[in-house]
Amino acid sequence: MKRQYRVGILGATGAVGQRFVSLLARHPWFEPVSLMASGKSKGKPYPEACLWHLDDPIPEYCSRLTVEACLPAEGLDLVFSGLDAGVAGSIETDFASFGTPVISNARTHRLVKDVPLIVPEINSEHLSLIESQKKRLNSEGFIVTNPNCSTIILSLALAPLQAKFGLEDVVVTTLQALSGAGYPGPGAMDILDNIIPYIPGEEEKIQTEPLKIFGTLSGNSIVPKRMNISARCHRVQVTDGHLLSVSVRLKQRPKPEEMIAAWQDYTPGIAGLQLPSLPSRSIRYTCVDNRPQPRLDRDSGNGMTIWIGRLRSCNVLDYHFSVLGHNTIRGAAGGSILVAELLAARNLIAGRCPLE
Amino acid sequence: MKRQYRVGILGATGAVGQRFVSLLARHPWFEPVSLMASGKSKGKPYPEACLWHLDDPIPEYCSRLTVEACLPAEGLDLVFSGLDAGVAGSIETDFASFGTPVISNARTHRLVKDVPLIVPEINSEHLSLIESQKKRLNSEGFIVTNPNCSTIILSLALAPLQAKFGLEDVVVTTLQALSGAGYPGPGAMDILDNIIPYIPGEEEKIQTEPLKIFGTLSGNSIVPKRMNISARCHRVQVTDGHLLSVSVRLKQRPKPEEMIAAWQDYTPGIAGLQLPSLPSRSIRYTCVDNRPQPRLDRDSGNGMTIWIGRLRSCNVLDYHFSVLGHNTIRGAAGGSILVAELLAARNLIAGRCPLE
Amino acid sequence: MKRQYRVGILGATGAVGQRFVSLLARHPWFEPVSLMASGKSKGKPYPEACLWHLDDPIPEYCSRLTVEACLPAEGLDLVFSGLDAGVAGSIETDFASFGTPVISNARTHRLVKDVPLIVPEINSEHLSLIESQKKRLNSEGFIVTNPNCSTIILSLALAPLQAKFGLEDVVVTTLQALSGAGYPGPGAMDILDNIIPYIPGEEEKIQTEPLKIFGTLSGNSIVPKRMNISARCHRVQVTDGHLLSVSVRLKQRPKPEEMIAAWQDYTPGIAGLQLPSLPSRSIRYTCVDNRPQPRLDRDSGNGMTIWIGRLRSCNVLDYHFSVLGHNTIRGAAGGSILVAELLAARNLIAGRCPLE
Amino acid sequence: MKRQYRVGILGATGAVGQRFVSLLARHPWFEPVSLMASGKSKGKPYPEACLWHLDDPIPEYCSRLTVEACLPAEGLDLVFSGLDAGVAGSIETDFASFGTPVISNARTHRLVKDVPLIVPEINSEHLSLIESQKKRLNSEGFIVTNPNCSTIILSLALAPLQAKFGLEDVVVTTLQALSGAGYPGPGAMDILDNIIPYIPGEEEKIQTEPLKIFGTLSGNSIVPKRMNISARCHRVQVTDGHLLSVSVRLKQRPKPEEMIAAWQDYTPGIAGLQLPSLPSRSIRYTCVDNRPQPRLDRDSGNGMTIWIGRLRSCNVLDYHFSVLGHNTIRGAAGGSILVAELLAARNLIAGRCPLE
């Protein structure tokens, strides 16, 4: 089958960028044709420009591509951005203004009024913000954003609870993997035999982004959901996979078996769209006492399934439980690709550039 | 100066036992004269019987001692017990019934009505339970218990808050070190690049033991404090040092600077007793964003000081903060030695057995 | 295509056994129909009997199989053995005597005179020992052995050198992964922030097994190659992948580029047999200064390719270089499957038991 | 007792610099009065300028010192240099030319003809090079260098063998700790679950520096010892402590018990000088099969004792054995302090600057 869309990757040599490069190697719809990164890599073949650090070997197609500058150009139906927040703002806006849809992982545009902040299973209807954004930019291009990695994983776990029982309060403590800090991660002497109880900016993102994700579309903007989230974040010595310890207070207090059923029976609205990256189950629940665990569960559903476990009554709020998800797949590159698939299925991106 | 008390160590070859052996090497009051362990080590010189695993070298005095069976005998003013809960129950009772005071680290007797559960800074007055216990046992011996390692560290952090503002609700997520699982810890393949979100029995201990510690002495028993504690425990890849992420709701809501002052100004009632293991400050607060950290802060005050940091408003309860303490020193052997020093200072153990 | 051979796995719940279970899930020739383990697992569905610890999820077919005792029975064309040396001896002999070919990973039979010790790329002609073994056992069954994990990886690296330049002396220091110790590996407190400079029995295996592998078939036995191997082994904190630091003295001293060419041009004699597990290249050489590395290179060729790098002149012997291979795939289960494929291609096992 | 010498520390905020700061806190002879580092730290109190990363808490005296620029000034009897090789060359020369003795850890001057490269136990007589160096510099100041960390540890292990049996060939593979790379070490994602088989420049240092250390003083220079050293270096996931796997060929082949006796009976010529940092035994031998280990043995003798173990016959050379030493204490700061003590004992530095 022919791949319909020609796509570019911004920040292709970085931690999230490499995941894009790897995950798109055999994607049925998207063909990566442009790998873009900062100036000093420009002009080199990708395998030379990039210090590849994933376990999976570097895909073959990369050797045919030369790293390009992050400049808008014809010939791209879509770009994925793994750029750091420091530079993402203007570059992503440039592409969108030029006419190219952008799926961004940076925090920069997430809370902008007419920029959708999307977890496809939860709030695909927020994509209708694109229309007003296009008008503002006076362009066919636009920006759609992927939430923070921990936010995506948390929000997915909360979605069935919100739908069935209503969320009021959430207290979450995260144990986050090294890859979330971007390659090469913290210094080894700082993290070996240690934990760092602080990730700059992370707690704020987890406390605010879900309010928009669970918010209500009203005309050209989102009315944030009213709920309280308290987050504390830790960097731990794990390569991939964020583990979250979560306590919740719900509007209606269900029985434990109803909680578990809500997760196990969860069927997102987009289930019928045949999106290639949507796992057969976005959420799984385990009854095994000492699971989920990062090393054993992060790759489930090709890294797109989150696992929940250890549901227990909470002596202060209603319930607590553990959530695990792959931070650079579900929480970043894989999540963005799923957003792009949703855009394609909804005809929000055009395969304007025929692939020869 | 002469050391006044002849002491024994039960379970001397285990993880907590080795810490006792190490910490007592140069203790000014207690002289270890009997190292006791399970049958198969019996009769061997301690250095042979024991697979020493602490960074500090094995103390010289150990080579003069032969491992003995865990049987009561004359000549001991006090025994420290690092026995596992599985065997601690009857052995510790045997010693107490025989007439020897026992400081126990096992969970077995902690919640028994007339057994004190002591954090010396917090509830030294609970030692008056010893009298009724002695009557029950019809012995000069008795058992005093040390709380669970995480409980000690948490309770110390809460003590100044309870004293000044009153505690209502506590939500705690722990990141616990390998040494807490006893030597040699979990299998390396289970914990490398991983987290185990479960420690059997741990959450229950943290949720119940502080209620007794902060309880009120009423005649011959303790009326537990009414408060709600919700705990979730994780085993992480750290050698020593438990890190706790804590949210609290208080009766009176202080300002942040009042919270910090409560910790920094904390002077326990026992401060005047000149106990050798009481650190100059039991609690310290750091304003550094990414502290406390296990590797950098656990050895503070010879492992007896806990560190608090990252005080922030909590969107659900009142405040959250991080707490760190050394689990096998403050949370086990060192904590027990401080209890014993308190007993000695209060004349609750007799130096009956003159040291020659 | 139909799978022709019905195979069993001995020790199916252990570290090597799980790799067999995983690697055979979609094997084109071999269908696992019997998972055998020690008594206490017997009768349980495999997923219950087994504490699965691989990153790859447990294959679906396992849930249809119940763990059986390690007893010979009709209906198996071949068994793979991941049994420990302690029990492998008699059980494997029982199967062979019963008439079932056995591919063993245990050390027990490796040095027995008429038992082939096979690295398929190197010494497939040694399989002719099977005939005399069958006579001795008076059976259609027989035992073929897989060398020690480090030995396989080392021998593969040495094979092109022996073929082209002749080997005289080898000094090797190994840095071996945790999985080589069998699940769950050493205690975490023994290996975190540490190295263990000793693996019982390992040095002896590396020093003797290659002499048989590189030996000459003479009638019904192997005349060991005369060469000197000196080995020192370390256990390090890596999940999978053994790294070897090797110095060699050769009969002819080639130029460095001839050394590299010997590895890069290496085409084993079995290359034409279309064995499914034979990687496109058994040996690869990297010119990158700081490679090979366990995490980045171990999965190459589905874990069947070894990597060599850092060739330099040695001031004492002729050359030194680094070798890396996946210890539980190339060095154990994957290596055994390749041996079995070789047996099948050579018509040394019969697909006697038709698959329905 | 009054401390006689006022000393400065160059590069005081770095990995080796912090060890100097810590080890000198209570030194009986040397009082650190000047902490010098690169420009941007200048003028800040040391505890602010420095991201302290040692387990031991930052010494109290540091809070009274402000970081100064690396410029020669009156008032220092001696400076210790923990500067990187990149900047050490000119700065150290400036101090020496100004008149201040310098003990350097950088590689820059180690092989300069009239610069002593000293392991105090081995070649204290090489200090006579100082005279000609002073003439060359036309100064009362001079530079003495500390060898590379692995070289110091290796040379100490070889010293008794050279003295008694004569060294011919040495093949060494190192497993080196993270702290050897300087704070904060390699990126965590590069080293977790991994080994890096390359340390730039390290192999060359180990292969050449011992030839000067074991060389013979001849007039104003050193005739290097003739011997062959082959080194391969690895970075592993250990905080402190380098472990070496060593094979040696000796002129005379002793029995194993003679090898062990050579180490155990080793008494360096400087033993009578009462140097405060010289451990009671510079070398210890262990018969325990799986020792020495970094975590358990590195702190022996306050980090100044090296451990040898696992002596076995080598099938290629004569013997092989394992060596362990603390890389930032014995192998860097502690080693330099011992050199300085030797200089003081030999009256090669003057306590010219009276301490008030």
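Every chain is named by a letter (A, B, C and D) in the order it is written, and numbering of its residues begins at 1.
The definition used in the following text is that a residue touches a chain if its C-beta (ideal position, glycine included) is under 8 Å from a C-beta of that chain, and two chains touch if they have at least 3 such contacts.
Please read all numbers here as calculations on a predicted model, not as lab measurements.
Centroid analysis (C-alpha atoms only) places D farthest from subunit A. When the interfaces A-C and B-C are ranked by C-beta pairs in contact, the top one is B-C. Between subunit A and subunit B, the centres computed from C-alpha atoms are 43 Å apart. Rounded to a whole number, the gap between the C-alpha centres of subunit A and subunit C is 40 angstrom. Rounded to a whole number, the gap between the C-alpha centres of subunit B and subunit C is 49 angstrom.
Within subunit D, the positions touching two or more other chains are listed as 53, 192-193, 237, 239, 295-296. Contact residues on subunit A toward subunit B in their complex (touch as defined above): 169-171, 173, 175, 192-198, 200, 203, 207, 228-230, 232, 234, 236-239, 243, 245, 247, 249, 289-296, 309-310, 312, 314-317, 320, 322.
Subunit B meets subunit D in the complex at residues 52-53, 55-57, 192-193, 295-296, 299-300.
The touching residues of subunit A, when paired with subunit D in their complex, are 53, 178-179, 183-193, 237, 239.
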